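Before we start, here is the structure in question, set down as C-alpha cells.
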Amino acid sequence: MQRIGVFICWCGSNIAATVDVKKVAAAALNEPGVVFSADYQYMCSASGQGLVKDAIREKGLTGVVVCSCSPRMHEATFRKAAESCGLNPYMVEIANIREHCSWIHKDVAEGTEKAVILMRAAVAKVNLNQSLVAGKSDVVKRALVIGGGIAGIQTALDIAEAGYEVDIVEKKPTIGGKMAQLDKTFPTLDCSACILTPKMVDAAAHDKIKIYSYSEVESVSGFVGNFTAKIRKKARFVKEDLCTGCGLCTEKCPSRKTPNEFNEGMNTRSAIYIPFAQAVPKYAVIDPAACLHFKTGKCGLCERTCDAKAVDYNQKDETIERKYGAIVVATGYNVIKLDNFGEYGYTENPDVITSLELERIMNAAGPTGGALLRPSDKTHPQKIVFVQCVGSRGQRPCDKPYCSKICCMYTAKHAMLIREKYPDTEVYVFYIDVRTPGKNFEEFYRRAVEQYGVHYVKGQVGKVAENAGKLRVYGSDLLMNEQIVIDADLVVLAAAIEPDESAKKIATMLTTGIDTNNFLTEAHPKLRPVESATAGIFLSGVCQGPKDIPETVSQASAAAVKVIGLLAKDQITCNPCVARSDELLCNGCSSCEKVCPYGAITYIDKEVNDHGKREVRRIASVNEAVCQGCGACTVACPSGAMDLKGFTNKQIMAEVDAICR
Amino acid sequence: MKYSYYPGCTLKTKAKELDVYARKCAEKLGVELTEVDDWQCCGGVYTTSRDEIVTKLSSVRALNNAKERGQSLVTVCSACHNVIKRVNYDMANDAFVNAGANNYLQLATPYNGETKVIHFLELLRDEIGFENVKKAVVNPVKRRISAYYGCLLLRPGNVMAMDDPENPRIMEDFISAIGGTPVVSPYRNECCGAYLAVTDPAVPARHCGYITDSFKAKGAETVITACPLCMYNLKRNSGDLPVVYFSEILAEALGVK
Amino acid sequence: MDLSEQAENIKRISGVDTKKCLRCGKCTASCPNYEDMEYHPHQFVYFIENGYLDRLLKSDAAFRCMTCFACVERCPRDVKPAKLIEAVRLTLVRQKDSNRLKPYDIIENLNADLPQQAIVSAMRKYTK
Amino acid sequence: MQKVAEIAQKRAIQLLNQGVVNRVIGWKKGEFGYDETPAVFTTAAGIEDFRYDVFSAPNLSKYLIDESKKEGKILAFLKPCDTYSFNQLIKEHRVNRDNVYIIGIECGGMADINTIRNRGAAGVTDVADNGQTVIAHTLYGDVTFDKNEVLLEKCQACKGKKHVIFDELIVVNPQDDEPKNRFAGVEAIENMTPEERFAFWREQLSKCIRCNACRNVCPACSCLQCVFDNPRSGVASKASPDTFEEQLYHIIRAFHVAGRCTDCGECSRVCPQDIPLHLLNRKFIKDMNAFYGEYKAGEDSETRPPLVNFSKDDAEPSVISDKGGDK
Amino acid sequence: MSVEHESFKPTIVAFCCNWCSYAGADLAGSGRMQYPANVKIIKVPCSCRVNPTFVLRAFQRGADGVIMCGCHPGDCHYSTGNYYTRRRMTMLFDFLDFLGIERGRTRVEWVSAAEGARFASVMNDFVKNVTELGPNRKITDLRTKPEHKEGE
C-alpha cells in the first residue's frame, strides 16, 4: 500500500478563487493510500517545495500528488524536489486544477467538485505508480542547422566555437539568407553586407562547420542525441572541388533572361550564375530550366570557357546520410505574395513595389547600382508613399493575423535614407500604429519624423490607381478625419512576412509542433522560447515568429547554447516511460513491431520459465533507448503483454474509474 | 446546353438591348435559355440586413423555379445577378434567412441554395468557353474597348466569386475573344453613383466623370457594361465616348445584330 | 428602443462585430463617395461601438452611401462597414413617417432613360 | 465425399508409412453420428477412425499452434476456409510451417445438425452425404434434404473454395468458387434503427453464459493467456453478473481479432446459445473493406492487417456520423 | 425528457495526447475559455495509447460520453500514432453504433497545441450533444448507477 501525500496549490488566487482548496485537502484524506494533505499559496516556491520535501521525509511518503497548474509547467519541478529527498521522481503526479479547472470555471462549488475528482484520479494513478529508472543513451557530438541565413550562421558559429561539429544545410546555392539582400540595418544604419559577409566567410572557414549549400534535408529519423538525417545535395552541374568562382562562365553564358532572385526579379541573370559577388560558397550553379544545353543539347559555352573544367552537365543529385545529436531549425521567412491585394495594384504597376524590392534598389549592388530610380521609367521619384501593414494584422483569407514586427522599423529606415540622400523627395508613410519596442527604436522613428521630415499619416491606403503616369493613392488621414489623395511616383508596400514554405514540411519531418500560421511552436512561450516540444530540436530566427536581426541573433545564440548543453553530455537520460513487454504473455505475433514508428521492438527467441514450464518462445523485446513511449504497440497487442511504463493499462483505467465514480 | 434565364424588369423596358442581344447570342452559341416562370422584380438592390426576408423572396422563387427544372440560372443584368446570387448565398449559408424565407414560401421542398447562379459573362467563360466564342466571331470588333465592371458584378468578392474583385479579367478576356483590344483602367471597378441618380444626379456625374476620363486617357474608343443603371449614369456623363452593353457588342461580333 | 438598444439592433441585423475594427481607416480611404458623406465609414463603426449613434441618426450620411461595398471588400478585419450603414439607414426609414423619398419626388427627376432599376433601388433605399 | 475421405485416408497412411510425417490431424467420429471431432492419429492402424463428411466442420488450424511445436512433422487436412486461418497464424508466427504437411481437402459445405433437426428430422443417428443431398438416418426412417438448405451459416456465406496454402490437394469434385455475399446479415442489422439494434444485441448477448467456447475455438484467439483470464490486465472477468460484462467481453474480443479474423465462422458454430457471433466479426471486416480497401485475413502471410497499418488519407472518424441515421 | 435534460450533467471523459490536445486544453485554460466542468481530461502520451478497453471501461463505470483528442493527422509527435488512432477509433465507434450505442457519445477530434479556442468549442459542442442524448444507460454497468433502473 502506498503512503501518498496530496498537496494543493492556491497559485495565489489563480486556483484558490475558484477552488476551495481546504475542501480538496480534506477530501484527499478520504482517498485510499492518502496519509497526508496540505495546501499552500505557492507550492512551486522554495517554501512550497520545502513543504513537499518535509512531508516526504517526515511522513515517509511513497507517492505524491500535487494539485496545481499544468504538468507542462511544474511537473519537472516537483519531481526534482521529490528526487532530492530520495523519492523516485516518477512517484509524483500532477492534478491540473488550474488550466483544466480554476481558469475555465467560474462557480466555486463546480470548480471544487471538479478539482476533487481530478485529485482523486491522480491519487488513483499514484496508487499504481512504480519507481521508474531512466535509461541512458549516447549523444552524437554533431549538430545539424537547417537554414543558412543569419540565424543559422550565428547558431552554427556559436556551436562550432564551443568545439562541436556543425553542418549547415541551405537550400539556396549560397548562405546568407534575407540579410544578404538588405542594404542597411536599423537602427544603426550600418551596411548589412559589411556585417554579414564576414560571418559567412567565418562559417565557411571554420574547421568545425560543414556547409551543404544547394541542399535540402529529406528525412530525419531517430531521437534526441541520435538523429539520422538524409541530406539531398542538388546537382549544381558544377564540380565544387574544381570551381574557383571566377565567374567567367557567367559572363559568357548566352541565356541571360532569367529573373535574378537575389534582386527580387528586378533584373536578370545568366543560366549559369553565382547568386552574388560575396556568395558563400562561391561556386557557380547551372539553372537547368534556363540553360540552353539542357533545353536544346547544344551550346556548352560554359563548359568550354571553364579552364578549371568544373562544369559537369551529367552531375546527379546526391544523398548523404549523417548522424546528429541535435537539430536547429532556422528556415526563416518570405515576403507574402501580393496577388490578392489588387487594390494596391502591385501586379499591375511596376512602380508599386515591396520593401524588399526597395531594399535592392537602394543597394549599391542592386539593379540600379544604388540609385533610387523607379522601375517603370528609371526616373527619380519625387513623391513616395509607404503603406504599412499590407497583409499583416488582417482577417481575410489573404491576410496574416499577426504583426510582422519588422515593417515599422525598416520603413522608418527607408524613409530616413531616402530623405537623407534625396532631400527633394517627399515621403509619406501611412500607418495604423507605429510599433517601436526595441533599444533605440523609438528614437530612430522620431528622428525620421523630426529630423528628416517624413510625413507620417495615421490611416490606411484604400486604393492605388495609375493615373497619367502617376500613382494616385487614396488614403485616409484619421487625425484629420479626411480621405486624402496623393499623386505619388513610387508606392512601397510593407508586405507581411510568413514562414518559409519548407517550415511545414520540416516540422512534420521532425514531428515538432507548428501553429496555425506555420510558425514552429516553442516548448514554452516564456521559459523555453528556443526549444521545440520535441527533445533535441531547437528553433532559431523567424521560423519561430517574426523577429528583427538583433533578436534573431540573440535567439540563434540561445539555441546554440541549448545545443552545446546537450552535446556536452556524453549520455543523456532517456524517458523511462517506455513500453515493456511481459515475456510470459507475449504471443510473438509481431503486431506491436509493425506499428512502432521507431523500430524499437525486435523479436527474439528466448527461453522463458512459464510457471515452471521452460520453453523457448518468440517474444517482443523493447529497446528502451529507442522507444519514445507513444504507446501504439500497447493497443496493437491483443494479449495485453505490451504495456507502457508510467501510463499502464491499470493506471489509466484507475483514472477512468476515479473520474466516473 | 439548357439554362433557366432571369431577365429582370429593366431588361424588358429601358434595357431591351441587353436582353435581346443576350438571347440572340445565346442562340447563336447553341445555348437554350428558358425564362423563369412568372418571375418578379428582384428588387434592384440586395438588402444586407438579416431581418429583411420579404425583399429576398422574389429571388428565392426564381431560384427555386430553376431548381425544380434542374437547371442553372443565368442572369445578364448586373443588379439582378448581384441580388439573386447573394440571396442564394444566404439561403445556403445563413440559417436565419433560410428559415425565414422557407417559412414564408412554404415550398413543396425547402429551398437551400441548390441552384447555381451564373452571369452571362460566366456562361461565356466557363460553360461555352471564350475560345469557342472566339471561333464563332464573324465580325471581329477591332476597337479599343474599356470594360466597366462597376461594383455589383464583383462585390462582395467571396459571394459573387466571379473574378478577382480588385483586378478582374473576365471582361478583358471577353473583349479579346471578340477581337477587341482591352483598355484597362484602375477605375473600372469603382461605383458609378448608382441610385443616387434619382435624388442627386450630381453624385453619379462626378463619379462617372473621373471614370470615363480615365478610360479616355487610356485611349478607349468604347465602353462596355452589364448594368442598365451604370449605362444610364455613364452615358449621361461620358461625353462623346460611346457606352454599349456587352451583349450588344457581342451580337455585333457574332453577326446577329 | 433607446439608443443603446438601437445600436445593438443595428449590430444584430447587420451581423457586424464592431469590436473587430482595427481603426485603420481603410474603409474611408476606399470610399468613393467620401466627400458627400457627413460621416465616413470608419465613423459609423466607431460611433456605434462607442455610443454616438445619435449623431448618425441625425445625419443623412447613411443615405449618401452607394452600397458599392468597396469598404467591405478592402477591410482587413472583415468588419463590413457598408452593412452597418445599411442597418443605420433601415433604422431611420423604419421609424414612423420617415420615408425619405415620395413617389412624386421621383417624377421630378424622371426622364425617359432612367431605368426602372434605379427607381426600385431608390425606393428600397429611401423608404419602407 | 465418401471418395474424398477414402483418398485422404489412403494418402495419410502412405505418408505415415513413408515417414514424411509422424502424426496426422484429422477428424474422427464423435459421441454421435453428427459431431465429428478433431483427432491426432499416430499409427496407420489408428487412421481407421478417420472421418471426413458433412460434419467435419471443426477448423483444425488452431490445433497446429501446439502440434507444430512438437517433434516431427504432422499431416494436417485443411478445408479451404481453414487454410486462411493457417496462413494468418503463419503471419503471426504462431505456427511452425516447416513442421506441417498440409493437404488441402475439398469441401462441399458442412451441414448444420440443428437445421436438420429443426426441419423435422428427429432422432438422428447418422447422416450420409450424396453431394447434392444429405440423407439423415433417424430412428424413424430416412429423411432427405437438399444440402444447400441445411448448410452451416459459415458455409452459406462461404468465401471461396480455393485453398490458399497447401503442400498437396485432394480435390475430386471441383467446386463452384463463386464467393457468396457474406454481409447480408450485417447489412440487415445496419438498416435497423439504433434502438432495434440495441434490442437485438441485448437479447442475443444476454444469452451468453460465458462458456468461452467461442474464444477457445477461435484460431485468432490464440493468446497464451487471454486478458479476460489475466487478473493483472484489469479487465479480467469470468462470471456474467450483468449484461454489460457480456457486451464488454464480446466487443473486446471482436476488436482483438479485428483484421485477424478470417471469418471461419467457428465462433457461431460452437456457441451453445446460438448467438450469431460471426456478425460481430463480419461487421469489422465489412467496415475495414469499405474504409481501407479489400482485405482478406489469411489470404497470404505477409500483408499488413488494416489495424496495424494506415494511409495518410484515411477517412476521418466522422465518416461514421456522416453516414446518416440517428446520432 | 426535456425536464431531465435540464438537470442532467453528463460525465465526460476526454483522452488528450500530451503534445497537442493536452497543450490545447492548457491554452484554453490560459485563455480563460469556459467549457463545462463535467469534462475531465486524462493525459496520455499519444492518442494511440488509448485502448478501446479504456473507452468501454469509462462507459461501464458510468461515463456518458468519451472524446478522444489527438494531434492533427500528419502532426503526431510520434509521427504516426494518430493515424492508428484514426483507424482504431473509426472501427470501434462504428462498431458501437452497430451494437445500437448512440454514436453521439463518442467522438474523435484533432486539436493542436495552438487551438485553445477550438478545444473549448469542441468540448462545449460535445457536452451539448451528450446532454441532449441523456444519461448513458445502454452500456453502463448497472451496478455503478443504482438509480438507473431498466425500462426507466
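Some notes on this structure:
By written order: A, B, C, D and E. Residues from 1 in each chain.
The definition used in the following text is that a contact is a pair of C-beta atoms (placed from the backbone, for glycine too) under 8 Å apart; a residue touches a chain by one contact, two chains touch by 3 or more.
As the structure is a prediction and not an experimental result, all values here were calculated from the model.
The fewest steps needed to get from subunit C to subunit E, moving only between touching chains, is 2. Note on connectivity: the fewest chain-to-chain touch steps from subunit A to subunit C number 1. Touching subunit A and subunit E together: D. In this structure, the chain pairs B-C and A-D differ in their number of contacting C-beta pairs, and the larger number is found at B-C. For the pair subunit B and subunit C, the distance between mean C-alpha positions equals 24 Å. Between the Cα centres of subunit A and subunit D there is a gap of 55 Å. The distance from the centre of subunit A to the centre of subunit B, each centre being the mean of the chain's C-alpha atoms, comes to 48 Å. Subunit D and subunit E have centres, each the mean of its CA atoms, that are 36 Å apart. Among all residues of subunit C, those that touch two or more other chains are 70, 73-74. For subunit A, the set of residues that touch two or more other chains comprises 343, 463, 595, 636, 649, 653. Multi-chain contact residues, meaning those touching two or more other chains, occur in subunit D at positions 227, 234-235, 307-309. Under the contact rule defined at the top, the touching pairs of chains are A-B, A-C, A-D, A-E, B-C, D-E.
Those residues of subunit A whose C-beta lies close enough to touch subunit C in the complex are 343, 389, 393-396, 399, 432, 458-463, 474-478, 481, 483. Within the complex formed with subunit D, the subunit E residues making contact are 52-53, 56-57, 60, 73-74, 80, 83-84, 86-104, 107-108, 129, 133, 138-143. Subunit A makes touch with subunit B in their complex at residues 340-343, 345, 347-348, 463-468. Against subunit A, in their complex, subunit D makes its touches with residues 91-94, 222-227, 230, 232-235, 256-257, 260, 304-305, 307-309. Residues 20, 22-31, 34-35, 40, 42-43, 70, 73-78 of subunit C touch subunit A in their complex.
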